[in-house]
Amino acid sequence: MSDLDASLEVPGRVSADFAADRGDVIAVIGPNGAGKSSLVKAVAGLVPATGRVTLDGRNLMELPTRERGLGVVFQDQLLFPHLDARDNVAYGPRARGVTRADARRRADQWLSALGVGDLAHRRPGQLSGGQAQRVAIARALVTDPTLLLLDEPMSGLDVGVATSLRIELARHLSEFGGIALLVTHDALDALTVANRVLVLDEGKVAQFGTPHEVSQRPVTDHVARLVGLNVIRAGDELRAFEPTAVTVNLTEPTGSARHRWAGRVAAVTPHGAALRLVVRTADNGPELIADVTPEAATELELTLGRSVWVSVKETSVRAYTNRTQ
Amino acid sequence: MSDSLGRAPARLLVPAGLATLLLVLPLVSLLLTAPWSMLGEQLGTEALRQAMWLSVLTATVATGVCLLLGLPLAWVLARVDFPGRRLLRTLVIVPLVLPPVVAGVALVSAFGRTGIIGEPLRAATGLSLPYTTAGVIVAHVFVSLPFVVISIEGALRSAHQEYDAAAATLGASRWHAFRTVTVPLALPGIAAGMVLAWARSLGEFGATITFAGNYPGTTQTMPTLIYLSINSHPEAAKTLSLVLLLLSLAVLVALRDRWLVTS
Amino acid sequence: MPRPILTRLLVPAAVCLLLPLSACGDDTTEIKVLAAASLTESFQTLEKQFEDDHDGVDVKLSFGSSTTLAEQANDGAPGDVLATADEKSMDLAVDGGSATGEPTKFATNALVLVVPADNPAKITGFDDFADSDWVRCDDEVPCGRLAVSLLEENEVEQEPVSREVDVKSVLAKIASGEADAGFVYASDAVAAGDDVKMFPVPGADEQPNPYFIATLDQSGDSDLAQEWLDLVSSDEGQKVLEEAGFSTP
């Protein structure tokens, strides 16, 4: 029996089973419309849902939102605009009957912990996106929730701001001690902050595993793209290989490569020191990505629309089955 | 008059100007033609002081009652999903379109001495609303409440419900969230509704006279006093209108800076 | 570009509305009588009579408060005849120059006491006024001044629960049972029929409210206007007025 056992359905949106223990940070990823936000809102009791979410033996689904003992960080923060940062953070303790002075003291501690202690008297309108999100995280953590829900906390932030917030969030979550559910569309969040990844696709759980498993053996195109892997599917059999393992030729290769496809270059983008090609293979074959050196690209004149052959050696391919389906 | 979006088009400016004229011209004319010299004499009369005090008193109490009853009703309309909600919203608006005298007749048929509720109430307790200051307040509440409900409901709808959700996740009960989040966020709408209600009450005449009657000191408000003066002392009526106009203006200007400047 | 059909139809119609009525109608002659509201029933009867007697003449009746009508006449409102329910309003029209010729007193209207049909407070006279909810017109309107003077004469010291803005409001309060008793003109009490019971007020006959009638300066057909005056003063006209509760000179 895990600390958290969930089996719930938001009709028409998402249906998911998963379990977690204290200390787990579960990243919830998937394309838009996969049901990520619906899942989190269902756990919080903010959308109608059926099923069970057992946390320490209590079924949360039978409780109103306010009794579920959650911390929620919303995508657009939803800081109360009429209260300053400190009173926003103090709101939870106040609602639970803590005295004003005590609640404010705890709020100040959490604001300092999140690095925004000096902004305690600012209203949300006077905070930047990153500052507001820190206040929102402090507000969610101040009530010592057992379950913390974060709905795309990094979205809408500048890249630099998101990076530093991600590092801090990872630190706070590792100290948190409860269970965190982090909705994200960023592979970095999933790989750096979480110890479990829940992949949603079309309202169903496509994969649930460690970041390593999910990034090495993705079962959905969405995750494959997120982590930059080529994944070829044949029934339940999946084969994954790195873009760097792909060889690009202008004529059909004759060597030992077992896997080869004809196609056209559909996109060329810089990727680190290399160039990343997207090759649309003929006969509705898979869309593959290949990393080539700029020198090779020049030599082969790899421009948009160029007909090429791509191939990969069997030794570079990981074969696995999709066990969750 | 011009910015990067282009000049304000005449087909908007001309009607806007006409609207301003239509609203301002009669008031300015009243100011220009009023017998100012009679103002002091009028202010000294017992009838005026009684009517003015009664008008301010009943409008203020009615506004308070409107808030006490209207805010919860607006909240129910904005936040609770129940069958017949649209019907209820329509019913709430009906007094707005009723001619005031009809509103008075409706009040009589409900709370009058022979009314559906008024008659048994009078038989049981000896109390009745007509001819009392309480009756004036009931008439004012009846005609002003729709303004309060509509105005606050609009504010509650635009003060997004997500904040209520955020409060719930933080452990707030619905009542706690109502007091600490919903109401503060809807405050501009609440204030606007109350100002509208107060202004409507201050100018209320038809329903009041039909339902509560007219007696100096008990039920005679400024609008009734003015109406009665028009027949016998048109000049005095103008002066009285002026007093009412200045009184309303003073209150609206005082409130504007504090409440009506919405962010 | 052709103009929308609606515009082509509406513009002439609107122009027609803005012009004086005669410009767009057929060629019946019209006289307009401005009359105090209490004359409604009797003048409507006389209207039929007058139109039967005068082929092609259309009588338009406009009822309102005497003061308002007199002021409108002074402002040049279209009208041929003015009939007021008091002397003061007629003086206003004479002073304002709109009433021409000598105004004629054609009827009087005495104040009466009315009670609801079932008379819940069992009122038959001033002696029963104590503890009852009775109403009268406000001091500012003629029916109120008349009531005050009669009450003083009869040494009644009780105060009304409400001073209504006009005599119709008093009547409405009585007819609906919202008040126990009230003072209205005899013509109003007659018009209310079975809804109210009527009692004479001692001394009321000595203080009747006089009704005056005069032709107006702006009349387009003063002969026809004079004929209306003649009808009102005729035996026939006086009989109609008496049936409506008025006393005649």
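Here are a few things to note about the model shown:
Letters A, B and C name the chains as they come in the text, with residue numbers starting at 1 for each one.
We take it that contacts are C-beta pairs under 8 Å (C-beta built on N, C-alpha and C of every residue); 3 or more make two chains touch, one makes a residue touch a chain.
Fair warning: this is a prediction, and the values are worked out from it, not measured in the lab.
Steps from subunit A to subunit C, minimised over paths through touching chains, total 2. Of all chains present, the one whose mean CA position sits nearest the global mean of protein CA atoms is B.
With centres set at the average Cα position, the gap from subunit A to subunit C is 84 Å.
The geometric centre of subunit A is 53 Å away from that of subunit B, both derived from CA atoms. For the pair subunit B and subunit C, the distance between mean C-alpha positions equals 34 Å.
Residues 44-46, 64-72, 74, 78, 80-82, 91-92, 94-96, 139-140, 143 of subunit A touch subunit B in their complex.
Partner subunit C is touched in their complex by these residues of subunit B: 108, 112-114, 130-131, 209-210, 212-216, 219-220, 224, 227-229, 231-233.
Note for the complex: subunit B touches subunit A at residues 162-163, 165-173, 176-177, 180-181, 184-185, 187. By the touch criterion given at the top, residues 65, 67-68, 133, 135, 138, 140-141, 159-165, 169, 173, 176-179 of subunit C touch subunit B in their complex.
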